[in-house]
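Below are structures written as structure tokens.
Two complexes are shown next, each including subunit A; its partner changes from subunit B in the first to subunit C in the second.
The block that comes next holds the complex of A and B.
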């Protein structure tokens, strides 16, 4: 059995090496490219969302490369994405692919996820399952940390491109750290690498909080590398949705951060009183959080036809009006043109800069 | 004399202006892009040089969808998006302006300004039903010049109701209304109303349009649209004298604080510039790489995601 799991940002970096050590024959899909998207678009229903299309493309490419088993997070999901595993399986079968597909039925329960790991690997002891799972989670958190450092250093760098290179190296280093000890030794090195980048310390960049549907926020291919683009516009990104949060929230013992969903739900009270699927509650709650923390503006990104985020978009427009807080919503799908995105981003950044300078001179 | 140059390369038209230090327009040109932005810029430059002679350019700003291309061939100090450029020129002209309505060839924008600062904006996303190209197409279909459209609209007694959500449906609805026997004036007025409705539905979305409103962009030439807006919102729409070139003026205004300009000089209009493109086949992304050639030499390349070809300057 050669197992493949669709990409979501750096997710596969976190588990591939660890699972391979425990006897899982992993075959991650090739990095998403235009070819992946074209494949996905060709065989998907037109009104499926972008994550569905990229996932399907991922699966097809991985199957072409020799994988014969797919693991898809799904079951009953936070949005219609929950049903996607079943539809994708049907589409792939119609294309004549031979494979076994398992959807992790209940991603909301940790023990189910441990069971999935035990089913596919040589780990038989439940306790060992937890140990491995926790290591994967820590690797995710390490990758998130490296990305957060990237967000900080990118707008301040003096030699353009230094930070991009450092992030690439950091990801490689974390990928190689396949045990707790190695991971603990790697992280200070990663920090030092970032610390060595030449930066303009006096420069105070505009800050933008990036929120929205988790796949589009985390996967740079889906959002046309929006965080890199913002960095090049000399904006410091404050991301509100992280890879590790999603799993972290499902642990009873929270090693890294508090429960972000609960936290966001508390903040969102008065605007959105119950989760309406997807990351809607995070989007609303964290918009309020960013506003309180003095982040200059919020960029809200979502796939086209995403219902939960459309709800959130309507709600944060109201927050924007009430609190006079700049919010820009953007939708992404395969038809999105880069020129469009860049013009809006530039205008938004200009707006924030002028707003900030204007308020400084008034006081 | 010192002057600043603003270039707005839009989808349909290319605008070039020359302003002095105080923002007064010394010279301007407004030409069709005709799908060849480089040629449009070059021909505007040769006319400019003939009219004004060799004067010292202290700064250059570019804007519009072709702003990067214009930068590659002219050498710009400020490359700004259309929204900022339009806001800057509108604020320069009317310092207390609160709303800017801008409708161009492919884009329509709504910009809200408070205390001289842009506080919110929106731009058409999924459709271009509310823009100049649509009007122009309909004018051609009705056999009239685009300039006449507005006067027809003003002469209407009872505007027909046209479905304006989508240009294709609007057109078939217009044809239907014609077959029913509505006269041309009423249909054109209905078309203007539909465009205004489309604009307000797509862009204003509960945003507060408050006085003073300034109406700019090529479509502001149409008094029918202006009248429709005023009727719909009950507010006066100010159309500035330089309404079609406000973006270029904004770009020029922005370039005023340049210390050392990157302007490449006047020889540009005589150069044999051409563009070409190829698809890079090194990875499955298959990026389309664009290049500008001066005779046989490649001046600049762009369009790749990985940065392999990157920007090359000669």
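The block that comes next holds the complex of A and C.
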């Protein structure tokens, strides 16, 4: 069995090496490219959302490269994600692919996750299963940490590109840290590497909170590397959605970290009184949080036809009016053009800068 | 407080539950005001108020809110999250009251009780009626009892829906108006099918082409049966019904073809449509997805239906 799992941000970096060590023959999909997207678009239902299409393209390319088993997380709604695997399997079979497909339909139950890991690996003992699973989660948290540091240093760097290189190196180092001890030793080194980047200490960048549907937020291919683009516009990104937070809310591998969903739910009250699936409640709650904390504006990104985020976007539009707080919503699908994204980002950053310098009135 | 004017927008779940809501509020002593059938201006207003890319039914709903909001004391916009243990409504339906608040200023009070069987189980009605009792200042036990009593009065397809669609499978399996040549199974969400403006009078249009439009509201056992042959339980309340009706049409030789009416950007429909297509293809049963958005014209829809029926008659001839 050669196992493949569709990409989602840096998630595959977190688990591939560890699972290989435990006897799983991993075949991650090649990094998504335009070809991946075109494949996905060609075979997907027209109004499927962008993550679905990219996933499908990932699967096709991985199968073409010799994978013969797919693992796709599932669930039971209300958003479409829980049904992705079923429709994708149907499409792949119609195209004549031969493979086995497993969906973990209960991603909220820790024991189910552990069982899945044990099923596919040579891990016998349940306890070892937990150790491996939490190592993967910790590695994910480390990757997120490296990304957060990137957000801080990128707008301040003096030599263009230094920070991008550092992030790349940091990812490689974390990838190599395949035990708790190594991971523990690696993190200070990663921090030091960032610390060594030459930056303009006096520069106070404009800050933008990035929120929205989790796949589009954390997968640079899906959002046309929007965080990098913001960094190049010398904006400091404050991201409100992290894969490690999402995992932590479910599995509590960092016992003292606050449950982000509950926190957001509290903040959202009065605007969104009930989570309507996906990241809707995080989007609304954290827009309010960012506004309170003095983040200059919010960039809300989502796939076209994404149901939970459409609800969220209507609601944060209202918040924006009520609190005179700048919010920009952007939808992503296979038709978005890079030039259009850049123009809109520039205009938004420009607005935030002028607003901060007081040259536009707040009305 | 009696004699309050309760406004119910004629959109979305209205088409599934209105009968019971109306009875319920009337018995509570309220005056129930319902917006008129959708017409072009309502839709235009809805589009004007909607932010972003909401689907046609949500936009239409907002249009009905716009029309009602200044002439009622309270708007009734319940938040149906799940009507049974295994499924959910679509996210837009779950967020509906908040969406309405977000899209309008100067709203009257909104009563938005939560109906969530998946979470509250047997206490769902209890939870649902609490905020209603509070909003109209009546004792909760009375409101609860009344709601429970009237709850199922809308469960059958309404008289209006009966008139529009011919019924099959009942009455010993005879098709009611067998004088027509062809039977076309129609699947879709009630708020799209039975809103004559949105569905462009689909039922009549089919009848004019000398075919019977057949719509069935699946019963519980049918749903279980259909879900057993589908690869995974369809976890959307209405999506599940759409798939089930399609499954019944699939089995029934008297049905010559199936039309799936959906709003073009509907999330669940984009997936259930694919499931249905695959199943019907297996049996070579003609299938057409008729997706509707605000740009759809009467003529465009008619032409597509004509072409579909034409195609079937050539195949069967």
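We adopt the following convention: the second predicted complex is superposed on the first by the 350 of 363 C-alpha atoms of A that agree within 3 Å, B and C clash if a C-alpha of one lies under 4 Å from a C-alpha of the other, contacts with A are read in each partner's own complex, and residues count from 1 in each chain.
One rule holds for everything that comes next: contacts are C-beta pairs under 8 Å (C-beta built on N, C-alpha and C of every residue); 3 or more make two chains touch, one makes a residue touch a chain.
Since we're looking at a predicted model, the values are computed, not measured.
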**Request:** Evaluate whether subunit B and subunit C can sit on subunit A together after superposition, giving fit or clash.
**Result:** fit
**Request:** Would you sort A:324 into first (subunit B), second (subunit C), both or neither based on which partner it touches?
**Result:** first
**Fill in**
Once aligned on A, the angle formed at the Cα centre of subunit A by those of subunit B and subunit C, in degrees rounded to the nearest 10, is 80
**Prompt:** When both complexes are superposed, which of subunit B and subunit C contacts more residues belonging to subunit A?
**Reply:** C
**Request:** Based on the superposed arrangement, let me know which partner A:158 touches: subunit B (first), subunit C (second), both, or neither?
**Result:** neither
**Request:** Look at A:339 in the shared chain and tell me whether it touches subunit B only, subunit C only, both, or neither; answer first, second, both or neither.
**Result:** first
**Asked** Where does A:131 make contact in the superposed view: on subunit B (first), on subunit C (second), on both, or on neither?
**Response** neither
**Prompt:** Which partner does A:176 reach: the first (subunit B), the second (subunit C), both, or neither?
**Reply:** neither
**Item:** Contacts of A:78 with subunit B and subunit C, given as first, second, both or neither
**Value:** second
**Asked** What is the contact status of A:273 with respect to subunit B (first) and subunit C (second): first, second, both, or neither?
**Response** second
**Prompt:** subunit B and subunit C, closest CA-CA distance after overlay, in Å?
**Reply:** 5
**Asked** Same subunit A residues contacting subunit B and subunit C, which ones?
**Response** 317, 331
**Asked** For the complex, which residues does subunit A have touching subunit B?
**Response** 30, 33-36, 161, 225, 317, 321, 324, 326, 331, 339-340, 342-344, 346-348, 350-351, 354-355, 358, 362
**Complete:** Listed in rising order, subunit C residues that touch subunit A in their complex are 50-54, 79, 81, 86-92, 94-95, 97-99, 101-103, 112, 114, 231-236, 264-268, 270-271, 273-275, 278
**Interface residues, subunit B side, partner subunit A - complex** = 65, 80-84, 115-121, 123, 125, 205-206, 283-286, 305, 307
**Asked** Inside the complex, what are the residues of subunit A that reach subunit C?
**Response** 45-49, 74, 76-80, 82-83, 86-87, 89-91, 94, 103, 105, 271-278, 280, 304-308, 310-315, 317-318, 329, 331
